[in-house]
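A single structure is presented below for examination.
Residue numbering begins at 1 within each chain, and the chains themselves are lettered A, B, C and D in the order written.
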């Protein structure tokens, strides 16, 4: 009897201690973070993804919060386009409301991030929110800005066929530059990146049929253009645009590709930016005007036809692209704590309102997000694209199929 | 009044006291609770450790199913193409750790000798602490110093010097950049040094004075005594120290991720980038797909097997060394 | 070859106290006012006696009387102890062991030592243990090593036991055998004086007896100074006895030096008598 | 019997011959051996100096490059994002400091009771279970810390659909701290003299009362050392947090929100700083982190040394 009591007490203690310690741990499964008062206008949203878009997003969020005191928008997490897509697909666990990507998401991208009960591309809308370019920057002692390069040379550098700075091909284009004999160290993105996609897209488009396949993913066929650059013949891998920028700044004799605003942000890089041969045979440094000209040459883009690299035009800078926000079409899908689906999701409303604001220039006295583009090195979206953004966001609904915008 | 042995083991079998019933009953219950809490809490720890292992192993199933043994033998790591060959990572792990140990073992043992046989006894602990404090510096700081200070310096001065003195001999051949396997090895070397010093110092200090006097009285110089008698006697303990250091080097993550260059191919030169199992777990996670996360789980399982095995071996050696000393 | 240093120069008959004792023969080592202090605290004060050649000299006295401290001064083992200071003169032949021109390493090889507990080097084989002293001192020739090892092991009465297993680890031997191995190890460098610090205190009676028997054979080869707390042992094995006693300030003092038989049968000092009759200590 | 009595009269004594030979070899090799000995001991001393210099150098670098960043704003502001036109918009690391407090606090709250109670069990039990726990704890302390981050991610986020939060970071750090506290507190408990326990038990006190009222207070300073040591290790951890805490740029005390921590801020600043200023700013954070960690580590060492002296 006494023994029984003791055993019972022991068992109770074991179980009690176990429950006491494990219960709070399990309780986290239910999501206090997303518990939002659906009746109130207060809401919190957050986005993650494309580092190409990061400086624009960060400026825009600051500006938006200044005009909307009720809203909370978490700082944009610059984790790369691939991560942005993954984060929004897994929105329920990541808490990410929109994913930033420079390459609109495809069914294959969803399959990579989902094993069962997966959404389709149609479960999402993809909103153009920014337009930018990429600069080619290098860190070579004595080599100032304006080195002339073309797609072929860049492709061969990344494929390990051109290995020194004084290679004949580079010399031929730059007879006035004093080129050193040191080895070229290409810096590439080691993460899944829209910036890599746009760069390889440019290489593939501009060098079509002039150079063969190499170990790095650029090729004569567009199908091999990739967000994941893989490993070139030689070079330094770095994560994110900022990582590439700091790797180039840190590594002598290196060359790298970064979104234009990262060049403007880093004095070391701004001093040595290449001019790139465009489709009309002109060598141009990246500039807001050059990017705008390039985009203007292909006025109609969509989530399935978005490439604007190497467009014709004497003033067109050839490495440019749109950047997009991926959003669940059915907003309560991410709003897990909304008990009543017929009630409009405040989170969803804030999300579409912010993105719509972001995609527009606005008017004097009511400035939109695109107004801040130029100061960060981006081009304000063309008017037709701004309309496309609104049209796309109008597709976003709550569980009761009510439009949120 | 019975005291009962304090080290009795099983709950609920405490010997009966002879105290009056009024006292005995609450005491028995209270002892039950005592053991209950002790075993209950410890059991939680055990359960969590078991869950840890099971979770990581099961998380890796789909990757093993997808790639099979190719996970270990494959040479291409490209998550975008769902190719998960971890051989470059495994090689990188072994090579960086080897570099670290080759540098740290002699230096660490010499430092340990100095601490035991050159430093006055009273100063031994504070001076040891000085070296051991290195182990307290967070790895992200080692990584930062390696990335921001050493890497550019290496590219500008060290690698060119190395190539010119070795005539670009095999492991030092090829184009080099800032971050590299060698740099990672050197950063690891500094990081594992305190481990080697601390445990070797204990192993050396435990060598009986009689051994030392025995050698001295035969006409051995101080160094001969150390080299021929003390170090061989401390051999097991030093091996244990080196093994523990190896476990640390094999598993170091952040510092390596920051300085190794994250280059996912089988390395041909120490001056080129590479990657390790642990550092890949930190760098490949951003935006990883479901399958990639499973593949990272598989890397984690490989890493557990390696580091737990090496660590266990090191602890066993140290235990044996300490037992040998008390015999 | 420099035989003048290798062999103690005789200086006529030796004196013990004030009685001349021709039986003791030549002198191996001479102590003059030897004091040992640790961090300024005197441990042994003003000891003076002469160690006869090819004889066994026993240092006896109660614990704390500084026997071991004194013994360790004889081969400069205190040099490695921080704060230890040895004063006075210790002459080996004509050389003062503590003079500047003689290196302590060389001193220690000429004056061997066997310790309280057997301390064979655990990582070395039996053979390597025996020749370790030779190797420390730069002897490389295999023939010399083999010959010295055999000679030393025979002298230590261990040869027959171990000749077939010289490659085995020293730890495979019993305690008594290990101590004889240590004696062989000390003998292998052919010291002129062998110091023994209670060499049987860690051993069983049988092993003790064997070591005692060994000593009487060994003294044909080397002069022996032995510390023992066991008076019967001193009486059995030694030729000369030095009796030390702790003074008022805790430092050991030399009370009496006499041929063993005389010291045990007819001590000069009353304190010696008290001690050998077991009144204290 | 001696040489001068006439070596010619006696047959050569092999022992004397060998003694002469050995002593001459020893004398011949003495100079070399003495030099080698001094040289090698010098090398040992140099090795020690070199090893100590590394720490001095790192601390010097941190102070030289980081000290000027530390100001009031450093502690009271959240980080800002430099723009092209305002590159010096850096702010502070209030979010990371607060995150570290939240994450490490959660870890401490869980790890201290579990670690100390389990350590107590190891101290009083010598059975298969205790030995298994001890070995497990040893293996756990040797595992790369990132594995705990992956585990918490797989278990809490994938399996139980939790989301990135400071709480999960705390769980990951708990798994690092518990084995450390357990092992160190076992030693502290063992150091409590058995007589104290027995005295308590003989007064008729239950084991539980003896353990909590008598033994634990007696071991308390040792337990504090253990906790300090474990904390100093956890505070500097970066790898396990990468997987589970997400990121934030606005300080919050909420354990359920995404968090950031000082080591993460350093990592991101160095690798993901868009502007070189952000990279440089990481030196300030690193200086602060190292100062905190070294103080804790030194504190635990001093405490341990003090305890050793008390005991003897």
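Some notes on this structure:
The criterion applied here is as follows: a contact is a pair of C-beta atoms (placed from the backbone, for glycine too) under 8 Å apart; a residue touches a chain by one contact, two chains touch by 3 or more.
Because the structure is predicted, anything quoted here is derived from the model rather than measured.
Any chain bridging chain A and chain D, meaning touching each of them, is among B; the list is complete. Here the chain at the heart of the structure, going by C-alpha means, is B.
When C-beta pairs in contact are tallied for each pair of chains, B-D comes out on top.
Centre-to-centre spacing of chain B and chain D amounts to 13 Å, using the average Cα coordinate of each chain.
The distance from the centre of chain A to the centre of chain B, with each centre set as the mean of the Cα atoms, comes to 37 Å. As a whole-number value, the distance joining the C-alpha centres of chain B and chain C reads 48 Å.
Among all residues of chain B, those that touch two or more other chains are 31, 33, 35, 37, 39, 41, 44, 147-148, 219, 221-222, 224.
In chain C, the residues that reach two or more other chains under the touch definition are 105-106, 109, 136-137, 189. Across the assembly, chain A contributes residues 21, 238-239 that each touch 2 or more other chains.
Chain pairs that touch, as defined above: A-B, A-D, B-C, B-D, C-D. Listed in rising order, the residues of chain A touching chain B in the complex are 2-3, 5-7, 9-18, 21-22, 79-87, 112-115, 163, 183, 185, 190-192, 226-228, 230-231, 234-239, 247, 250-252, 254.
Across the interface of their complex, chain C is touched by residues 120-121, 208, 210-222, 224, 228-229, 232-233, 235, 324 of chain B.
Within the complex formed with chain A, the chain B residues making contact are 11-12, 28-29, 31-33, 35-37, 39-41, 43-44, 47, 62, 78-82, 147-148, 151-152, 155-156, 174-179, 261-265, 272-273, 283, 286-292. By the touch criterion given at the top, residues 26, 33-34, 36-41, 43-45, 47-48, 50-52, 54-55, 58, 61-62, 113-114, 117-118, 120-122, 124-127, 129-130, 132-133, 135-140, 142-148, 150-151, 154-155, 158-159, 175, 178, 182, 194, 197-198, 201-204, 206-209, 211, 232-233, 235-239, 242-243, 263, 266-267, 270-271, 279, 282-283, 286, 289-290, 293-294, 297-298, 301, 305 of chain D touch chain B in their complex.
Contact residues on chain D toward chain C in their complex (touch as defined above): 1-5, 14-16, 18-30, 32-34.
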